[in-house]
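Right, one structure below, let's go through it.
The letters A, B, C and D name the chains in turn, as written, and every chain counts its residues from 1.
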Amino acid sequence: MMNDSSPLAVGVLGATGYTGRELLKKLSRHSRVRIAFATSESEAGAPLRRLVRNAPDLALQKAETAPLGEAAVVFSCLPHGDSSRWVERVLAAGTAAIDLSADLRVQGPETPEWAREAVYGLPELHREKIRSARLIANPGCYPTAAILSIAPLARRGLLADAPVIINAASGVTGAGRTPKRELLFAEVAEDFRAYGVGNTHRHLAEMVDQVGKVSTGAVPELIFTPHLLPVRQGILETIHITLRKPLSREEATAIYREDYGNEPFVEVLAEGTPTLTSVVGTNYVSIAAVPVERVSTPMLQVIAAEDNLIKGAIGQAIQNLNIMQGWPETEGLL
Amino acid sequence: MMNDSSPLAVGVLGATGYTGRELLKKLSRHSRVRIAFATSESEAGAPLRRLVRNAPDLALQKAETAPLGEAAVVFSCLPHGDSSRWVERVLAAGTAAIDLSADLRVQGPETPEWAREAVYGLPELHREKIRSARLIANPGCYPTAAILSIAPLARRGLLADAPVIINAASGVTGAGRTPKRELLFAEVAEDFRAYGVGNTHRHLAEMVDQVGKVSTGAVPELIFTPHLLPVRQGILETIHITLRKPLSREEATAIYREDYGNEPFVEVLAEGTPTLTSVVGTNYVSIAAVPVERVSTPMLQVIAAEDNLIKGAIGQAIQNLNIMQGWPETEGLL
Amino acid sequence: MMNDSSPLAVGVLGATGYTGRELLKKLSRHSRVRIAFATSESEAGAPLRRLVRNAPDLALQKAETAPLGEAAVVFSCLPHGDSSRWVERVLAAGTAAIDLSADLRVQGPETPEWAREAVYGLPELHREKIRSARLIANPGCYPTAAILSIAPLARRGLLADAPVIINAASGVTGAGRTPKRELLFAEVAEDFRAYGVGNTHRHLAEMVDQVGKVSTGAVPELIFTPHLLPVRQGILETIHITLRKPLSREEATAIYREDYGNEPFVEVLAEGTPTLTSVVGTNYVSIAAVPVERVSTPMLQVIAAEDNLIKGAIGQAIQNLNIMQGWPETEGLL
Amino acid sequence: MMNDSSPLAVGVLGATGYTGRELLKKLSRHSRVRIAFATSESEAGAPLRRLVRNAPDLALQKAETAPLGEAAVVFSCLPHGDSSRWVERVLAAGTAAIDLSADLRVQGPETPEWAREAVYGLPELHREKIRSARLIANPGCYPTAAILSIAPLARRGLLADAPVIINAASGVTGAGRTPKRELLFAEVAEDFRAYGVGNTHRHLAEMVDQVGKVSTGAVPELIFTPHLLPVRQGILETIHITLRKPLSREEATAIYREDYGNEPFVEVLAEGTPTLTSVVGTNYVSIAAVPVERVSTPMLQVIAAEDNLIKGAIGQAIQNLNIMQGWPETEGLL
C-alpha cells in the first residue's frame, strides 16, 4: 500500500483520548504517513500498540520530550485551553499543525499574532486556503454538520429574518474520556438530556462566525441546543430554517447538490433522512432537506448526521492533511 | 391496603402490548380496583401471572368473550383503528371506557354520534369534565408533554406569531411490541433517527386541537418532529416558543407554577432541566422553561420529560379513573 | 396505608450511592417506617427530595452529625472498609444496624468482639436468627443468588466432588457511583468483560462460607467469575453443578420448591429460565434448574436472576428489617 | 491498491442480512476482488449502494437469476437449511463455494456425495486443506472461539476427564435480521438471558467434532451455554478446563503462543483478558488462559473474544478466500 516516495512523518499530541486513539488508528492505516511520535501525559512509556493493534512499534512519550521538529505535521488532540500553547511550539519548530481543539477556531481581537494564520479546516468551505495552510483550526463536531447544513441557503440569501434552530444530539465520546459521574454508564444508559440550554453552548460562536462569513444578506441568528445520547458515537442535527421563499424537496436537494455534488464526503439525500448508524464509522456528512408542511411560513427541516469522532474530528483532520499535501482527498478515509 | 368498600371491577382490552402489561401491573397494585378480565387475541388462555407476577389468578381471554358489562370501567389498549369499535361495544354494555388509542382524541365531522361525549383525558386541562365522563379519550404520549408545555403561555396570549417548534425523542416502547425490522435491537442500538419529518406525524392534530382550545389570541402553528431513542422508556421534548414579550426564568417558572402548582403530577423546575431518567417509572411530567440568549426576539426553550408508558399512557389513564371515581388522584400512582 | 402504631424511625448512612438512593425510595414508600436521617459526605445540606421525589422534607447531613441513637434501626450503605466502624458506633448508640457492606459477612479470627453477634441476613437460610438480631450483615449481590442456587443441593448431600462453577454477569450499578474511567458509558456500552478472573473475586469467601454451613458431606469448592454487563441493573448467574446422581428437571424443581415453596421472594421455574428483565425492579430471585444433556456425569445447570440493587442489596435489607420487627415480610417490597 | 492482475470475480448469495452486508463492505474494499453479483429475495432490484456506500454500481438480484458460473468464488450467506442446495448449484456451475451456513460443517452418514469434499474453514487448524479446497464450510461464530481455545490443550493431551464448560455471550447480530419479538430493542436492552440451556444448542456438534479431531487421548465432553447480550456485535467465551497437570499463566501462554504465534489473527494475551470491544470491528480472536486459584484440581480459565460477524463469519470467509487464492492472508482484513 506504500507509494514510491517515503512516507510523511507525523506526530500526535494527546493520543489517549477518544479522538487521539481514533486518529492513531486511521494514521496507522494511511499509506502515505508514518507516525513519528505520539504523546500522553498519563500513559507515557506504554506502547502505542496497547492503544491500537497495528500501530508502529513506538512508546507513548510526554509532550515535553516529543521531537516536534522531526514531524512534517503535528496533530493536536489536547484539551481546549491546553492545545494552543503546544500548537505555538509546533509552529516554532518549523512544523505544520492541525489543531483539533476549539482554541483557534474563532479569531478575535485577543487572538495572538502567531495564530492569525490559522485556517478554519472545513474543506467544503475553505479548501483553497487549506491547500497552502501551515496551521489548521480543525472544526468542532457540532459546527461541522450545522455549518454544512446552513451554508448553501445562507450563501444564496435564502434565509428569512428568523432564528435558525439547531437541535443536536451526540454520542458520549464527544464528551471525552476523563471520568465524570454524569458520564458513567449507569447515568447515561436509558437517559437523554439537553445541555447548554438557553443557547449558551460554547460551540455557538464557531457556527455563527462561519455561517456569517458565507451569508449574503443579513447574518442569521442561531439557536443551538445539544443533547447527550446513550450511544458511543455519532451526531444527528435537526435544523429548522425559515426561508424567504418556499423550496420543494427537489429544489432544496438541487441546491445542496450544486454545492456538494463533487464533495467526496458530503452526501445529499433525495429521499429518506440520515440516521446515526448510516454514517458512524465513516467520514461522511449525510444531509436531507425537507420542506415543513402545515405552516404558513416557508420553512425547511434539514437533518444532518455525521460521526463526531471522524468527520467531526479526526477524519476531517486527515482530510485536511491530504489537501495540504496535495494527496487524494480520500486517502486513508474510505 | 383495601379500603372498606368492595373494589371496583375493571377490564383491560389488549393486555399483552407494552401499555397493556404496564397497566396490569399498576392495576394489580391499586387498592381500590380488581381486574375482572384482560384480553389478548394472540395469548388467550395464558395466565395473567405470566405477564405480571402479582396479577390476579385469571387467564387472558379473547375480546369477543370478555364480559364487558361486568366491569364498571374498561381500559382499551387496542391498536388505533381497532380500538374505537370495541369502545363502542363497551359503552353499549353500560360500562364506562378509557380509550388509550388515538381514535377519539380529535373530534371532527366524521366523529360518530356515540363518540361525541368523549372527554380528552388530560386532567390538568379538563379535570372537571373528566369527573363526570363516561368515555375518556386518553391523550397521546407526545401530546401530553407538548400541550402541558405550551398551554400556560397560550392561555395567557403570550405566543408571538411564529411556529412553535417541538423536537421530541421517545424510547422504543412507544412504537409497540409488534416485531418490525426497524425496531430490532441491532437496528436501534447506537442509532438515533427522526421520523414524521416535514411535520407529517399523526400526533400533530391532537396537539393543535388542544393548544387551540386554550389559546387566547391567534392559535399558534406547531411543528412537531419525533425521534427514536435507543432507550426503552421515556420522552424528552425540547420546545422553542417565540414570545410577545421577554420572560426571565423566574417569570416563566412563576407562570407555570401558577397553573400547575397544585397538580399532583406536574413538576416545574426553577433550576436545571429534566432528563429521561428523572421521570421514567413515574407519572410525572417535569418541565423547565428557560429564556433563549443571544437572539433579538424574545423566546423560551421549554424542556419537558415524562414516561411515555405512564404519564404518556397508562398512568394518566389511572389518574383519569381516580378522578372519575372521586378517589384520591394519586391512588396507585406513587 | 398507615397502620395504627407510630412508624419506626430509621436512618441511612451513605444515601447518595446507587444503593443508598434506591433504599431511600423504598423506605419512603414503606408504610411502617419514617426516615429520621440520611447522610452523605459529598452532598450534605442537599434536600433528600433532590434524590427521591417523595422523600420526607429533610436535608442530607454528614455522618458525624447524625443522631444515631434516635433511630431504631440504621442501614449502612457506606463503602466496604468504612462501614464497619460506623456500624460499631450505631450499636454503641443502642441502635440496631443493617450493614450492606461486605465488612461483617464472613466471621474470622480477626472479627472484633462487638461484631461477633452479626447475623448473615439471608432470610431463606437464617430467618430465625434474623428475627432476634440486633446486627445484620446483609448479603452480597452475587452471593445471594449463588447461595440460594446451591444450598438445596448441598443441604441434601447431592453435590459430587467437583468444583461448582459459577459464571455471573451484573449490571454496572453493582460497581458503585464513584467516577472511574472503566465505568464510563463509552467504555461499557457494546462491551462485555470478565473480572476477578482466576477465581480471585472477594465475594468468593462469602459464598464458600455460607454453602459450607448448609452442606452435608464434603464442602464443595466454588469457582466464581463475574462479568460486567452493559445494563444498569440485574444479575444473571449460570451455575454448573456436578451431582452424585442424576436429577430430572421435575425432580430438581421439586427439591428447590421444597425449600423455597413458602418463600415470598424466591421463584422456582418449572419451565423456561429467568432473564434479567424478569426480575429487575423486584425483590425476587428467580431460579431454574435444568439437567445437562450429552455428558456422562450427572450435572445440573442452575440459572438464577435477581436485581442486584434490590434482592441483592436494599430489598433484602428491608426484608430483614420486616423480619426483625415482626412485620409482614413483603411490606414495602411488592 | 490494485495489483497488476485483473480482480477475481466473486458472488454473494443472501446479501441483505447482517453477515451479507458486512461481507459486501469488506469485499468492496478488498483490492483483489470485484463483486460480480449479490442476491436478495426480498430486496431484489435495489442498488447495492443502498446497503454499502462504496459498493460497485450493481443491483441486487434474485438468486435464481444470479450468473453463478461467472464468479470464481461464491459466498453463501443464506440461512441454514436453504444454503446447501444453493452451494450444490454453485459447485455444479464449476465455481468454488464458501458456505457460511451450518449446513456442511459436520459431516455424517447423511452428508450427500457432492458435499464430502467440504473443508472446515478454520485456517488455524486446516490451512493446508483450505489452500486446495473448492468447497469451504465456514465455521460458526461460537465454535471458532471455542475450538481455538481448547485445541492447544486437547492436541497435547492435557485435558483431564471432566467436561469442558463453555459459557458464551453474543451480540444480537448473531441472531439474524428477521424480525422476531424477542429480538426487539425493548426486549433485549437492559436484559441478559441464556438460551440452548441444558447443553442443547445446535453449535455443540461442530465444536465436539473439531475438538475431537485434534485431541490426543480421550475426546473431551463439552457443555456449551450461549447467552444473548444487549450489544450489537461480539462474542465473549469464558471456558473452564480441567487439566491433567497444573499450568501457570506463563506456561499456558507459551503453549498457546507455540500454536498461534505465527497466526495473523490470533492474539494470545500474557496479561489481562480480552473484552468485546478489544476485538469488535476486527478479524482477531483474542485469548487469555489463566489458572484457577482456590481449587484442588488443576484448572484453566480461558477467556476468548472475537467479532461474531468478522472472525466468526465473514472475515474468516475472506481469510479462507485469501488462502485459497494464495494471496496474503490479511488482504482486506486489516
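Note that a residue touches a chain if its C-beta (ideal position, glycine included) is under 8 Å from a C-beta of that chain, and two chains touch if they have at least 3 such contacts.
No experiment lies behind these values; they were computed from the predicted model shown.
On a Cα centroid basis, the chain most remote from chain D in this structure is B.
Comparing chain pairs A-C and B-C by the number of C-beta pairs in contact, the larger count belongs to A-C.
Averaged C-alpha coordinates give centres for chain A and chain B that are 39 Å from one another. We define each chain's centre as the mean of its Cα atoms; on that basis chain A and chain C are separated by 47 Å. For the pair chain B and chain C, the distance between C-alpha centroids works out to 36 Å. Residue positions of chain A with contacts to 2 or more other chains are 171, 187, 189-190, 230-232.
For chain C in complex with chain B, the touching residues are 1, 29, 53-54, 189-190, 267, 282, 284, 334. Every residue of chain C that touches chain A in the complex is listed here, in rising order: 18, 171-173, 177-181, 183-190, 230-232. By the touch rule above, chain D contacts chain C in their complex via residues 162-163, 165, 167, 169, 171, 187, 189-194, 197-200, 204, 221, 223, 225, 227, 229-234, 236, 238, 240, 273, 275-277, 280, 288, 290-297, 299, 301, 303.
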